[in-house]
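What follows is a set of structures to go through.
Consider the two complexes below, in which subunit A is the common component and subunit B and subunit C are the respective partners.
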Partner chain A sequence: MTIEKLSDIEFGEELPVFDPDTGIPNITRFCEAAGWMGARFTDHEAAKKEGLPGALVPGIMSQGFLAAMIHRWAPNADIRNIDTVFRAPLLADQPAHINGVVTDIDEDTGEVEIDLTVTNDAGETRVFGTARAIIQA
Partner chain B sequence: MILDLHAHSIKSDDGRAKVSNYCQWIRTKNIPIDGFVLTEHRQFDFESDYSELAAKNELVILKGAEVETEYGHVLVFGVTEALTGEFDFSNTHLKLADVIAACEKHGAVAVPCHPGRPRVGMHAHIDTYGIPEGVRIVETYNGGSRDNEDEIAQTMAEANGYLGIGGSDAHIVSHIGRCATRFNSDITSEEQLVAALKAEEFEAVTFREQNT
Partner chain C sequence: MSEHADIDAAKAQFVGQVYDEQTLTFDAQKLAVYATACGESAARYTDPTHEDFQAPPTFPTSLHPGKRLPDGYPKFNGLGMDAGKAVSPIEPIRPGIPITARTHVHDIYTKTGRSGRMVFTVIRMELTDPDNTLLATADTSIVIREKPAS
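Let's look at the complex of A and B:
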């Protein structure tokens, strides 16, 4: 179900979980499009040689996943801000699950605040943050 | 009574939660805690008064701090103006022994938090600095723990005879109450919290499965 207007939203409402494609081919396509190529994003062995646990999902790609999740839920949302804290690396080729939940609604301005959490299969938080978006009345 | 002893609000540099939204979340989602302690990073928040908000939501909202030492991060409960004069809360290179001594002098309690976490947890520094003197309590359930961090904390606590507390380490609204501490007595003030910790009548609890 998608959201069209502010009155459709309740405090505590959960957005549909989004499992983004963190595979190397998808990351490579993203890096090419963003002009941000780097072996640490596209090659596990090269990333390990840099001291990383494996190839990383680029941070800006993670933010793109978060924005995509919000727009899947509310296609007309005007996203004003996505603020993330990276607690642990988000690794390529490892399943990631993005959860979102509405934690504030300003009826006057139409702004909603959404808690965002990216977890792995073990339920451990890799990235968390908040987004602010305007939803039309 | 169950209190989440480790939470951050927008007063912390990496905190994203308004205290009022914590309250709304606890009540809307029926989170099984009676209140929480705001332990802002590297500071004590003297200016905020949450008494009205607490009363309105029938929750206990207390304040503490989270400071940084060579053994990692440490929660401080029972902060007073005099205690903040003993050491610089914003210093990221405090000595744990100094923090513990200052807390003892001013009737506060210092509790190493997420001790099983690499870099910012006490366990990671024991090989270098040895087992610290004066630690009685550590955080054995932390809502932000990954991998086997809580297990490391619990094993360390058992080996050294430490008592354990729980806290969510919430930085966003929906993480409040993931872990907490159950007390045998009612607590409505920082003084009562310190007394209950010193009485050693509490246990760490986790609600992570229910809340995630």
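Let's look at the complex of A and C:
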């Protein structure tokens, strides 16, 4: 179910889990569009030569996943802020899972606060953040 | 004499000082690919023919200033890492419109833990349209786990 208006949302509500595409071909498309081309994002062997465990999902792409997740849940959400912390590298070609929970609702302004966490298959948090979005009444 | 760099002096000298300014124009197709690759599903971000087409909300954090830090900024002794990014969209960023990106040091602060002092520098880019309307701010936090000066 998608959210159309503020009254559809409950405090503590969990957003549907979003598993973004972390594959190298998708990351390459993203990097070309963002002007962030670098072998550490698109080539596992090149990344390992830099001392990394493998190619990385760019942090700015992880942040983009968070916004996309909110719009999949509430298509008309007007995102006002996303604050993201990169705790550990998110590796390309490895599954990632994004969870979100509504932590505050301001009935007067229509602003909703959402805590978001990106984990890997081992359940390790790689990225987390908080978003604020306006949902129409 | 302190064994660490003087944070108060750095704040007094650099916070609030615009050290980079660029004019940028964005391509609709690239904005749409950016959004789609992130898994965005709202047509106002993925379809350049949509009447309200605009850059996806997190796009401003992808923009680099021409200089990472101001000239003369202290070289804190340690390994620097990207600690996080924050974006505040205010008004839509449309393709084909010249956007001015001004960058300044927004804050410098420290945290001290068991492993020593960490210095955080928050770099803020402000994006404005030709009418000087603020469209978005994008913050990048750089953290340096400081080693005492030898």
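The working rule: the second predicted complex is superposed on the first by the 137 of 137 C-alpha atoms of A that agree within 3 Å, B and C clash if a C-alpha of one lies under 4 Å from a C-alpha of the other, contacts with A are read in each partner's own complex, and residues count from 1 in each chain.
What we mean here is this: a residue touches a chain if its C-beta (ideal position, glycine included) is under 8 Å from a C-beta of that chain, and two chains touch if they have at least 3 such contacts.
Just so it is clear, the structure is predicted and the values come from calculations on it, not from any experiment.
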First, second, both or neither for A:L66, with subunit B first and subunit C second: second
Dominant toucher of subunit A (residue count), subunit B or subunit C: C
First, second, both or neither for A:G123, with subunit B first and subunit C second: first
Which superposed partner A:D21 touches (first subunit B, second subunit C, both, neither): second
First, second, both or neither for A:G12, with subunit B first and subunit C second: first
First (subunit B), second (subunit C), both or neither touched by A:T103: first
Touched partner set for A:A33, first subunit B, second subunit C, both or neither: second
First, second, both or neither for A:D115, with subunit B first and subunit C second: first
Which of subunit B and subunit C A:V85 touches, first, second, both or neither: both
Subunit B/subunit C common contact set on subunit A: 83, 85, 129
Residues of subunit C defined as touching subunit A within the complex: 30-31, 33-42, 45, 56-59, 61-62, 82-89
Complex interface listing, subunit B residues touching subunit A: 14, 16-18, 21, 24-25, 28-29, 144-147, 171-175, 208, 212
Touching residues on subunit A, where the partner in the complex is subunit B: 11-12, 83, 85, 87-88, 101, 103-104, 113, 115-117, 119, 122-125, 128-130
Complex interface listing, subunit A residues touching subunit C: 18, 20-21, 26-27, 29-30, 32-36, 59-61, 63-69, 71-72, 75-76, 79-86, 129
